Each structure stands twice: as C-alpha cells, then as structure tokens.
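Order as written gives the chain letters A, B, C and D; numbering starts at 1 within each chain.
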Amino acid sequence: MSKIKLSADKLNTIKEICASFGNKSGEVINVLHQVQGKFGYLPAEVQEAVAHELQMPVAKVYGIVSFYSFFTMQPKGKHPISICLGTACYVRGAEKVLDEFKRQLNIPDGGVTPDGKFSIDTLRCVGACGLAPVAMIGDKVYGRLTPDKVKDVLAEYAE
Amino acid sequence: MTKVKSLAELKAMREKLQNSLDVREKSEHPESLVQVKVAMATCGIAAGAKQVMEHMMEKAEALKIPCVFTQTGCMGYCHAEPTIEVRVPGRDPLVFGHVDNNRADEILEKYVQNNELVEGIIPVNYEVIDK
Amino acid sequence: MVKLTIDNKPVEVAEGTTILKAARQAGINIPTLCYFELAGMKFENKPGGCRVCVVEVEGRRNLAPACATDVMEGMVVHTNSPRVINARRTVVELILSDHPNDCLQCEKSGDCELQALAVKLGIREIPFKGEQSTYKTDTTLSVYRDMNKCVMCRRCETMCNKIQSAGALSGVNRGFQAVVSPAFEQPLGESSCINCGQCVQVCPVGALTLVDNIGDVMKALADPKKTVVVQTAPAVRVALGEEFGMEPGTIVTGNMAAALRRMGFDYVFDTDWSADLTIMEEGTELLHRVGKVLNGEKAVLPQFTSCCPAWIAFAEKNFPDLLDNLSTAKSPQQMFGAACKNYFAQKIGVKREDMVVVSVMPCLAKKSEVARDEFKVNGDPDVNFSISTRELAHMIKQFNIDINDLPEENFDSPLGESTGAAVIFGATGGVMEAALRTAYEVQTKKTLPRIDFEEVRGLDGVKTATIDFEGLPVKVAVCYGLANARAMMEEVRGGNPRGFHFIEVMACPGGCIGGAGQPYHHGNSDIIRKRMEATYREDAGKPIRKSHENPDIIAIYKEYYGEPCSHLSHEQLHTTYFDRSKKIEAE
Amino acid sequence: MAKYKLHVLVCGGTGCKSSNSLQIIENFKSLIAKNNLQDDVQVIKTGCFGFCEQGPIVKIMPDNTFYTRVKPEDVERIVNEHLIKGRKVPDLLYTNPENKEHVSDSKHMDFYKKQIRIALRNCGFIDPENIDECISRGGYEALGKCLSEMTPEQVIAEMKASGLRGRGGAGFPTGLKWELCAKNKADQKYVICNADEGDPGAFMDRSILEGDPNSVIEAMAICGYAIGATKGLIYIRAEYPLAIDRLKIAIRQAREYGLLGEDILGSGFNFDIELRYGAGAFVCGEETALIHSMEGMRGEPTLKPPFPAVSGYMGKPSNVNNVETFANVPVIITKGAEWFNKIGTEKSKGTKVFALAGQINNVGLIEVPMGITLREIIYEIGGGIKGGRKFKAVQTGGPSGGCLTEKHLDTPIDYESLMAAGSMMGSGGMVVMDETSCMVAIAKFYLEFTCEESCGKCTPCRVGNKRMCEILDKITKGNGTMKDLEDLRNLAAVIKDTALCGLGQTSPNPVLSTMDNFMDEYIEHVQDKKCRAGVCKSLMSYVIDKEVCIGCGKCAKGCPADAITKTEYIAPGHKLPSMVINSEKCIKCGACISGCKFGAISVK
C-alpha cells in the first residue's frame, strides 16, 4: 500500500469540488480549474487526490495538466506577472518589456523570486490589443508599457 | 421575472421596452429624423428651455413624429431664449426663438408636419451649429 | 462494394474499408508506423499521427493517411507518386532527426519498424539537425524505457489503458515535448504499472524493451559451483521457432530441450510439470471452496486463477478488497522453483544456495514475480532469473546453435514429465480447461465423457460457460486483457450476479502465447492464432491429458507433499497477497 | 419609467476596463446624483466600441459625442459642461490624426465610416448585463420567428441561402454544416459554440460575448431548433473572466424569461446552454480537439471523418460554430437571407470582424463588408501607419495566415482572395507592420507560437515545425545557408501536405508567405548577415560616434552588461573623452540608445 498525504483541509476541498461535478471523470478539466482556483497550483499529491476521487488514472490527470498551459504545478509568486506576447504586443515591443521585468527581478521567464513575491510568465493575448504592449500583475492590466515604465509598475507592489 | 410565452408577447415586451433605448436608436441615424437642438446653457435653462424640451418631447411622441432631441450650448441668441434649432430631413435648418409650449406645438404641427411657416424664425448667421 | 483505383490497379472492396486495407488486398503494401491492429482481438491503434502512410488522392488538397481514410467510389489513389515519396521520406527523416542513431546496440535492432522503414526508403542522411529529446532512461524489473527513442505512435498508451486498463501511461506535455509517460514523469516502477510488458510487445522501436537477464544466466552457467536448472513455460515451445525462421505455430519442444542442454544447463525441466501441480493445488482449492458452500458454510467465490503475475499485481493495486477471491496457489513458475529448491535439491544433495533456477517464460511480468519477497528463503529466490522467449533465442544464437539441426530430446526427470492439460496453460482458457478436466473427475469420481472443453477455447476476450458436474452446474468465465478482468472484478464486487464459481484471467492478448516476452508479432494476430492451434495440437498428441494422471505428480504427492493442499504444500506451493493500492490520507 | 434625455455609454470591455472605466462609471453615477440629473441621464456600461486604441471610451447620446482616453478625473468636466450645459469638452473629443481636428460626432469618424455592424450591432450600444436592452433591440425575435413561423428545414434553407460561412477559419458554409448535422438521427445532439479564441491578436469573439452575449445564446437556440438539438455548450477560454460572467448573467436572464429552458415561447421546443472552460490550448480551436477537451481529455485533434456532425461530443451529432458566426444568425433570420446576401462578394457574403492591431493608428475592432480592400481598412479605417512610417506588410489569419504586402493592398478581401494570396481569413486578426518589423523574425515568431501550441500528436507538426523554427533561428542569428532556405521550403510544403489537423496544415503559411513576398530579406540575412529592420540582435552592432559623444558616461551607467567604457579620445570641442562599446560584451538591449540625449549611439 502506498500512501499519499494531504492536509485534511485540502483533501476535503478536493472531495467537495469533485462531488459537485458528480465525481465524473469527464469533468476533470472543470474540476482542475476549480481546484487550481483554490490552491493556486496543482502539485502531484493534489492530482493524485483528484484522480482518486474521479476514479481515473493519475497519469491521465497529469496528461491533461501538462497539456493545457493554464494549469501549473508550480506555485506562482504572490503577485504573478504575465506578459502578453500576442502578435499585437510583440510588434509593439513586448519582448523588451519582458526582458526588463526579467532584469529587474533577476528571474527567468517562468521563474519566481526567492522571496516568493513575484513570478514571471508569458501568455498569448489577453485581448487588450489596443493597449499593447500589455502585462498583467494579478488581475490588474497594465497597458502601453515601455521598458522604462517597468520599474514604476513594480514599485507599486513595494511593501 | 415572468416567462415570455409567445412571439407576440415578446414583441409586446419589445414595444414597451423600446422607449428606453429610443434615444440611442434614433441617434444611430439622426439624418433621417427630425433633429431638434435645444440651447441649454445657463440663459436657456433660466428661460425655461428644459421645461419646453420636455414638453416638446411628449408632444412629438403624441404626434408620432420621429424626433431626436439633443441639447447644446449657448447658440448666441440670449435675447431670444429659449431657442431651438430644427432640422427636418431635406430642408435647411431653422432656428426658432422665444419658444414656449404653444410655439413648440406649432413648430411640430405646422412647420415639421406641414412645412408651414411659423413665427419666431431667427435669421441664421452661421452654417452649422456646433462644428 | 466500392470500386476504386490504387496505383492504376482497379480494386473492389467493401464499404468502410480503409485505403490501407484496400491496398493490401490489391497486393500493395503501404508502409505504416503508428498504425497497429490485432485483427479479431479488438485492439486497434489508429491515431493517424505518424503520417508515414500518407497517399495522394486525386482531387484532395492534401495527402491522406491511408490507415484512417475510408475508400470512396471512384477514388483514384497514388501510393508512390513523387509527392508521396518525398513526403514520406521527409516525415521519416523528421522522426529520425529526434532519434538516437544507436541501432547497433539497440535491443530492437533487426526487429525495429522504424529501422525497416529507413531501410526501405533508403535514408542515407538526416538533413535536419536540431534539438534532440533528452529523457532519463528508466527501468522496472521487467520493462526498460528509453523515451528518447519514442516516436509517439501511442500504441503503448492504447494498450496500457484500453486493453489493460492499467492506466500507467498517458501522453503528457505537448508539442516537441510530448511523450508517453507515467504521471509526473515519475519512474514506471512507482506508477500503477503491473509489468505486463504489453507496451514492449507493441512498441515499434526501442523505446520500450525488456530488461535483459541473459548476462545473469550466462554468469551462472559459467560458475562451476552452481547447479543450474532451467524450466520452460508451455507457451515458449510454440513460438521460439519463429526466431529461427520457422513458420508460426511450429512446435520445437524437443529441439529446445536439446539446445538448453547444449548450452550447459545441468537439468532441463519443464514448467508444464508444475502446471500439472498447479492444477492439483488450485483445483483442490476450488473444490474445497465449492464444497464448503454446498455444505452451507462460508467460502469466498468465485475463485480467480493466480498464474499470471501481471494479473496478480493488477488485483493487488486495484482490488485490495477482493484478494481473498484469488487462488492462493502459486504460479507454475513459482511452484516449480519451490519444488526444485526444496524437494529436488534435497533429492540430489545440492545446497539451496548452490542451485540456480532459471525460467524461460513468454512473459516479462515473471521477471518481477521472481523478485517478490514471498518467493525467497533467507533472501534466496526460488527462481533466480526469468528470461523471455526472445532472450532464450538470443542466447541460442550466441551459442552458435541452430535449433533446426538439433535432435529432439526429452526433458529430464523428475520435474520434466507433463500432460496435455499443462500444455494448454499457454492459451487463454487453457488453465480453465485443465482445471475442469481434473476437478470434474475428482469431484464426480467419474471419467470425463469428453475431454475437450471447446466452450472455453478461442480468441474471444471474454468467454463464459456452465459445466455440468453431474448435476452440479459449475459456472466459469475466462478472460484476457485486464480491462476485461476489471469489468469481471467489478461485477464480482457488485455481488457476482451471474454466480460464477471459477474465473481464469490472463493479462496478455490470447493468453501467454501472446505474452510480452514472445517473439514480436507486429500486430499479426494470425501468429497468435497459429500458436494457439499448435498448443491444442500438442495437447491432443499427448498420451496423458489430465493433470491428476501425471505419474510424476502422483509420485511427488506420495513421496513428498502427501496430498494437494496439505500442510507442506501450503507452505511451499501457496502464497499470500498484499494490498498495494494507493491510499490518499489526510494529515 | 424615467424618460432619459441623455445616455452616457461607457465601455466596460476588457481593454477599457483595464484602464479604469469602472471608476469612470462610478464617478458619473455619483456626480449625476449630486447634480440631481438621475431622471435625465442614464449611465450604461456597454461592451466594446471597437476603438480600443483610444480607450476608455465614453459616448454620449443622442448627439453621438465620442470622448476618448477618458480618465476618472475627467468625468466632472463632462458632467458640468456637457451634461449640464450642453457644451462638449473639446480636448477629450477624438482627434483626427491627420488634421488634428476634434471630431465631435462619431458619425464623422473615419474609423466608423466604412463599417457595417452586423455581428457587432449591439456591442457598445447596449448594456450586455441587461437582457431587456437586447430585447428592445429585437433580441430573441429571430428565435421566436423560427419557432412559430418556420420549420427547421426552412431555417436551414434560409441559412444556406444567406451564404454565411464560418467565421472561425476556413469558411465552411454554415447552412450546409447545420444541414449535415440535422440529417443525422440521434437521441441527443449538441450545439457547440467555439469561444476558445486563441489567435494572438484577435479578440472579436471576446468582444461579442462581452458586449452582446444574448445574440450568441439566441443563435445557438435557433441552431438547436434547426438541427434538432436541445443542448448547447459554450467552450470558452478561462482567460476571459468578463465574458464568462456576462454569459452567465445572460443565460440566467434568458432562463428567467423562458427564452432558454423548456417550452421556449410556448413552442414546445426545449433548449438550454452550459459553459465549458478551455484551459489554454490554441489547438482546441480545432473542432475535434475542442470536443475532446470538453469531454475531459487532452485537446488532441482526431481524424475527420467522422465529422462532429456524425460523431461529436460524447459520440453524438454535434454542430460547432464560432461566436462571430453565431452572432450573424439572428440578423439573417430577421432581415432575411436576401438582405444579407447583398453585402459582400460573390462567394463571401456579409461582413467580417477584424481585430486591427500592430503599427497602425487606430487599433481596434472593426466590422467591414466582405470585399473591402486592405487599403481601405489600413488607411481609412485604421488611420494609416503609426508615426507616418512606411507600410511593409499586414498579417492576416494569425499563425495560420500569411503576410501580405503593398501589392495586395487593393485586393478585395474574401475567403478565396486571401487564400490565393497565401494567407487566410482565419479568425480575423490583422496585424499591420511597418519597416521596423523583420519578416524573418515575424515568421519565427509565428513558428514559435505553433511549436508551443502544437499538440504533438503528428510528426510533421511536432518535429517538423520545431525544425523549421530552428532553421529560422539559425537564419536570424546569421548562421543560415542557402541550403537552409531550400530545406525550409520543402519542409513547409511537406508539413502543409501531411499534418493531421488545420493547425499543422496551415502552420507553414507565415513562413511560405514571407518567403514568397520578402525573399530578399531572407537572402540578406543569409548572405549579407544583415537585418534591415534592426530586429535580429545577432546581426546588429551598437556603435558610438566618437565625434558626437560628449563623454557624459550616462550610457555606461545604464549598461546592464558593463560593455561601455571610456576611450582616450576627446573630440574637438568636447571636454571629456568619448565612450566606446565593447561588442563582445554588448547584449544589444538598446538601453544606451534610449538613454543618449546626443544621438551619438546608433545600430549598424
């Protein structure tokens, strides 16, 4: 018997979410959306628990998690930064903005700062092309960014 | 909310609701409607322009004249307030001065509906308002 | 019927036929890679992913995958136009551009479908240089994975999920990083893998191969202090010949025994002997359980067979609540090991630790079974090494032996004599039939009116029958493919509504003859069918066809074990099972 | 009911919302209340106006005043001047970029002049969170007409006659698609709305759902009636929270009115809609992949046939259309196929919504009749190239499309002409590029996208696109050979010919079209090791003109790579020695150029 440990809280949350979808394996993507919404990410033991509740192979759950870019197994920073690299942003210099974020925070794309405050990701088009180039920090959208604005934007999150 | 049970009910509901969007619907194609611009600067309001505008809106509706009412700033005829500009499709715009409820009715019934002259026309000294 | 033209040949085929099959009927062999079918056995892998089988269809904008495109009336197909050949070559070049060029050392060399394609297309260089996958290799006791060789045909994934319902493998990641893997890309050994090895059997390349134990066996053979004993499983003898160019279904029992002797094994025994022993133990156990129920006592029914280690692992991982339904009888391989290292070692005066027992199996799961702690005494395993039919063939070739030239020889005594009942263990339904032959006669004390139980034979995935034991209707079921077994277990969990008494489960398609350690069948189910026919032919030719009539079996009970399910046999020939399921626990 | 004289429409679309439009609404409401105007003025939060470049947008009706880039603090002036005194606030009005004049009436804005709004008819006009506003615009009457006056066959016939084609990509005739699905008998069928808009740079579907969700719901119900389905599913990107919210509201309100649910409008027809969420996979725009994703699997496409019309969601006949396609349906039913038919070209009827983006003045969402030319779109609606620079190319169709050039500017746009020009309609992304864009880098950009989004199922897409991308990378780094260009072409042709799904089959288009139209740039990269646009970093070097440099050292301080040092040379007239860039250390970030006030640094 191999045991997978999970906090009682988390396990209950997962059970509730799965149950709200009738524990149907066809609902796994909806379940994962909600579970990630609660925990911020989908570590292995959480996927194990989801697989167990929905009675499906955990390999299949992981197959799904690793397929869709929305799902992540890495916890993000407290203020997750997403830089849009959609075409509209790209041709208006989004790469330079991304580089500046990386330089300021000294982390790569996909990385988290050591203090867990920021993380950087790229995404494809948030649909705010009029404001290109665009970055999101948490739910807040920053438009018409230039590299020299990056420092000020980050300063908003100083504690 | 109560359920809509047939197409007829839906249409009736639309009739009822349409008023609320009237203003927007009409401004989509103002050139095909009678456009009434009411000068609503301080002097106009003081002279009762607001009340006249409301009266005129009701009257137009009663006469079933498709009108679009807009308010505008001072037209420069402070001596003749309240003043309104009326533009009927296919005719040159006219500006009327000293418009009260009676004259408003007259403008709609005589000038707009039957193209009869109405008193109070102020000679136009500009091309288009609000350019 | 649909009429079409393929490479200017008029062809007429049934509606719903694919271009690939239509072309085959016309004698045109369109190359494939990901496509895989075991005709008549409900296994088809048709993702249309590799794009090797593309053909030109007149009037169509792009090329069509022949494996998955149905024929249409009046279709004009070209399988060898310059456009098709260029596309096919480029696709193979692309696959090779992310594939290690280590054919010389690859276990699959000579049996590799990608290699064969490259040869056929005359690939001399790979124009595309670029990033190559760098996955860590990984191994269980049975299966070796080198995903750098994976071509994403998904056959293993289909096998693991659809046929075996083991759910160990899934396509993971996407794009260039897409690969088939266990969850979290963890080692296969930590997954729900049950080591059936069918992924290896269907892998077209060297991404999934067996764990090679030839070296261990060679070392034992070279050690003068060791007495090396070999046992060969029933299904090996009907398949080994294929590795030496013989027709599928050729029986090479005698040549094989001769080869093993030439290679230096001290005793050449037969797992068929212990298969007869298994029937005695397992059949007796069944009769005990049924007897108890008939007496109004409690007993767990139905009883499931326990010969197949992949099935046992599957039950332990997925149905911990139903482990009491499994027969406690060890598998024939392990019964042999126990009898050999206890009874036989004692008999010839060899110390247990100086004896090396090697098994030759059609199976890769057996490699994991020999390592189970229950099958060890003070750390010394009853069976030291298990090699597959393919490894045996490699060894024979290394020894420079051509089994075609060898005389037919007999197995050694006393663990070499067997009956027809043991021979048929190799085919799905065989264990059931063997058990019925004995159980009927033991229970009814009468001779069977007919010895062939046709109702449990054949390549259907699930077979059921009711056998009349002189007024006692015995309900049996036979299945292969663990997805079928899963359905059976769920039915039993739900109260066994059909009232089965005895259920045979084998993991591999067609039973052990389709085992993962057998020569690669490359999707040709006729090969499995021919092995099955050979199995029943061998049975029919045997002078004794019921396990309880095997004189050596009768002798060992008289001399050593006393009677079936005696105290000593329980100690040596029975085992216990463990809950190996995954549990999610709250902290 | 209050009879409002003035309607203040504030854009609540994603773009404007992210620049604080909700605060603008709040400010309007409180100031209107403060001035006791609540019976005269109504504030409406609408969907997207399309003119996102100039957001946040505030439009005042009935006089069609169009305020742009409004900040929350501007609201007070608008209320005091415009709402109270009737005077427009000139500096907030849209300014014509050419003659710098303020345009007070949106009817006179070039951006809107050539547009015909069918799919976007309610966007930026109504409050999407209030179904009454939709109904008062005739919403759900098309559904009512179908249910009470038309047979399903007639609905399909009308759709076929309209000539409407799928707006999501390849342009399959919608009526025919419905007919194929209607023909298949089954106990359950599904209407699926593809709202998994994934083209980078296209956001029309999001805007429609945010601005007019009811039209899509109505159209799905019409489709359900036509094909015999009682269930609708909307597969929507999880990254579109606002659209999801508005859809949920609209579905709830429609149910309350009985416009969804059982016995709709007393016709006995049942239809309801559920949402399914995408999770970030571009390939899920492909209908089979989308269906697998909805079933809870990896979004890998499967071979067609079987088409979804035969075996779709849960193996049942399913009809998949995208948002914009559905948004056209109610209008066609209300106004008739003949009306719709008159708009557009011979083979492409109606309008198309494009997301205009890139180096163009008027970035935004436009709806234009099929057959309009690129020139009209770019120069008239789009207001020309930003900063007066020279037009170089326009990319249409996203990662599946191609780059068109000067010579294509006067081609009337429809499905066929774009295809013939080596591009495609796609979902309607239109990215305009000027001479600062490198076409090799653009091809690489799209290939990188495809590589990231490839599902990995078929060889040509999984490995082929990766190899193409690697070759392009080599070329942009100055290591390309003429043989690479040959390999690139062959590879592109084979991928087009052999890939499993639409994503793979069209993925070489950006490469092929740039090779067709800008071969000279490719050759320049390969032979002269030069990138004329100054984009490919490896092909550039930064140099300081020692005669111009005054030696202030600002560049050296700002250099992240410590690549700039002092020389010993003092130029005539200067006091300090000039600076020099060590090209070995230089990472070509451009920080020094933007920091130098004297124009001493340039890229060569």
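What we mean here is this: a residue touches a chain if its C-beta (ideal position, glycine included) is under 8 Å from a C-beta of that chain, and two chains touch if they have at least 3 such contacts.
Only a predicted model underlies this, so the values are computations on that prediction, with no experimental measurement involved.
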More contacting C-beta pairs: A-D or B-D? The answer is A-D
Dist(centroid_CA(chain A), centroid_CA(chain D)) in Å evaluates to 23
Can you check how far apart chain B and chain D are, centre to centre, with Cα atoms defining each centre and the answer in Å?
-> 39
Between chain C and chain D, tell me the centre distance in angstrom, where each centre is the average of that chain's C-alpha atoms.
-> 54
Any idea how many Å lie between the Cα centroids of chain B and chain C?
-> 89
Residues of chain D that touch two or more other chains sit at 281, 298, 455
Which chain C residues reach two or more other chains?
-> 171, 173-174
In chain A, the residues touching two or more other chains are 63, 67
Report the complete set of touching chain pairs.
-> A-C, A-D, B-D, C-D
Chain D-touching residues of chain A, taken from the complex the two chains share = 24-30, 32-33, 63-64, 67-71, 85-88, 90-92, 96, 99, 103, 123-132, 134, 140-143, 147-148
Okay, in this complex, where on chain C does chain D touch?
-> 47-52, 54, 62-63, 65, 68-70, 83, 86-87, 90-91, 94-95, 97-98, 127-131, 151-152, 171, 173-178
If you look only at chain D, which of its residues touch chain A in the complex?
-> 14-15, 17-19, 51-55, 197-203, 206-207, 238-240, 276-282, 293, 295-299, 355, 357-359, 363-364, 395, 398, 429, 431, 433, 437, 442, 445, 449, 455, 560, 589-591, 594
Which residues of chain C touch chain A in their complex?
-> 161, 166-174, 181-184, 191-192, 320, 578-587
In the complex of these two chains, what residues of chain D are touching chain B?
-> 1, 3-7, 9, 61-64, 85-88, 104, 107, 125-126, 132-133, 135-138, 140-141, 144-145, 147-149, 253, 256-259, 265-266
